[in-house]
Amino acid sequence: MTPIVEPHPDFRTRVQASFSRQAFMTTLGASLQLMEPGEVHIQLLFSKHLAQQHGYMHAGAIAAVADSANGYAALTLAPADAEVLAVEFKINLMAPASAPRFLARGRVLRAGRRLSVCLAEVAAVNGPDQVIATMLSTISIRPA
Amino acid sequence: MTPIVEPHPDFRTRVQASFSRQAFMTTLGASLQLMEPGEVHIQLLFSKHLAQQHGYMHAGAIAAVADSANGYAALTLAPADAEVLAVEFKINLMAPASAPRFLARGRVLRAGRRLSVCLAEVAAVNGPDQVIATMLSTISIRPA
Amino acid sequence: MTPIVEPHPDFRTRVQASFSRQAFMTTLGASLQLMEPGEVHIQLLFSKHLAQQHGYMHAGAIAAVADSANGYAALTLAPADAEVLAVEFKINLMAPASAPRFLARGRVLRAGRRLSVCLAEVAAVNGPDQVIATMLSTISIRPA
Amino acid sequence: MTPIVEPHPDFRTRVQASFSRQAFMTTLGASLQLMEPGEVHIQLLFSKHLAQQHGYMHAGAIAAVADSANGYAALTLAPADAEVLAVEFKINLMAPASAPRFLARGRVLRAGRRLSVCLAEVAAVNGPDQVIATMLSTISIRPA
């Protein structure tokens, strides 16, 4: 579904500025990897400090980067003075999160004036990609 | 919906042992507050290290404690040799997470042999409770 | 979570008028059973025309009445000139839908100006109630 | 994500036999349009008997065909003696369902032994396709 709006020329600056204020991304060791119109990738490195009881990455850590990837994907297509806020999301955890590196790829399915819908996949990067989680999110677009 | 199984006598020990192995809970500063048959509460204290771009707690941190509360609520009613794994969850973020303390209260709606369904509410605790998030989860029950 | 707004005095008339225009509810044989501030119940009678491959009620029929119950629960607390529209919903199907009668009970968790969040349970009514499904919905509130 | 199993040679016969037993699909006027390994399409024609209060197709009717498309997509990759049952689904309704014809396209994201995860998009077919809804489902795979 083609988004109906053109990205603002400064969208990368806005995404980077907002991401750098998300202290939780720093705590997780997450980093921005790609910012394109309607698509943002965030990398998460494995850390035992982010593990659940079996030593895999906790679903909450995986959900955090997928949520941010979807929110920033929506921000790339939002008006210049807008900010984004997750209304809700749903995530399916399809395989254990055991890999040295993960990539959350958020993409806009529908860019609206008030609400956007985004889909993220989280891939375990360890040789060939394996998608370990899928998130479907509703994002609120509001004047800053 | 009344769960159909009796909790194993050692359920508190099992929940505590598993929780203490979830390194991510330590990283978040989360702690177990209540373990009853079909219900588990986890506390999360506000920390600026867990914040999103506006200074509120990141949805991923809120989701992490709600996910663990639901998983351990399911574990209280699971067979003695079972372990739990989140298959998927959906969370609605209903108000900004800005309070000194949060309580994620996970409850079993249906205790199954293979799958359990749990509902968690996350309350901002700051004078009177305010529910800021609701999570509906599907939990897989598997032999350890 | 206590809704923050008072219902409009005519809320029952508005819910009934809107429900009677939902032709799909007539097709399903569904009927309004309760309209209170923040809560609406819709009844669905078993019919083999609404069945899936095993003879139980199809998840889509169950979802339809739960979706309408949540939407109308939101409408009871919306401004007089507003209308409601489901943004998204998630439903857990917890037991086979095999009973002569079902009751979808929608309740408002958060009544907002632009978005409301509602939770419905669908009970199989056949002697003692059994909750067979739970739905968590996001509802958009818009000027009519 | 490539499904890990080969479809059974008779998978089309099995999908068709099960679909023809879903009386609700007949009630809705829905029909099978495509059955390939890991992918099933179901068509829904507009009918005023399936409408909500504004004359668009009711979310429950849209959800019903998306749910069946995802379930049958999972069935194409399930063992010969298995049957499928929706555990839960989440649907985002992204645009009003106003078109003469809709196509629900279900695809398997992960084919498991006990649980499969599927993603469906529902397109309004009226000249160029417009995706009006997206559904993410968890499907249980069980011995018949």
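Each chain gets a letter, A, B, C and D, in the order it is written, and its residues are counted from 1.
The definition used in the following text is that a contact is a pair of C-beta atoms (placed from the backbone, for glycine too) under 8 Å apart; a residue touches a chain by one contact, two chains touch by 3 or more.
A quick note: this is a predicted structure, and the numbers were derived from the prediction, not measured.
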{"item": "Pair joined by more contacting C-beta pairs (B-D or A-B)", "value": "A-B"}
{"item": "Farthest chain relative to chain B (centres taken as mean CA coordinates)", "value": "D"}
{"item": "Inter-centroid spacing, chain B versus chain A (mean Cα positions, whole Å)", "value": "22"}
{"item": "Centroid distance [mean C-alpha coordinates] between chain D and chain B, Å", "value": "32"}
{"item": "For chain B, residues contacting two or more additional chains", "value": "87-88, 90, 92, 117, 138"}
{"item": "Chain A residues touching chain B - in the complex, by the definition given at the top", "value": "18-19, 21-24, 26-28, 48-54, 57-61, 63-65, 67-68, 83, 85-93"}
{"item": "Chain C - residues contacting chain B, complex", "value": "1, 90, 92, 94-95, 109-110, 117, 119, 130-131, 134, 136, 138"}
{"item": "Partner chain B, residues of chain D touching it in the complex", "value": "87-88, 90, 114-115, 117, 138, 140"}
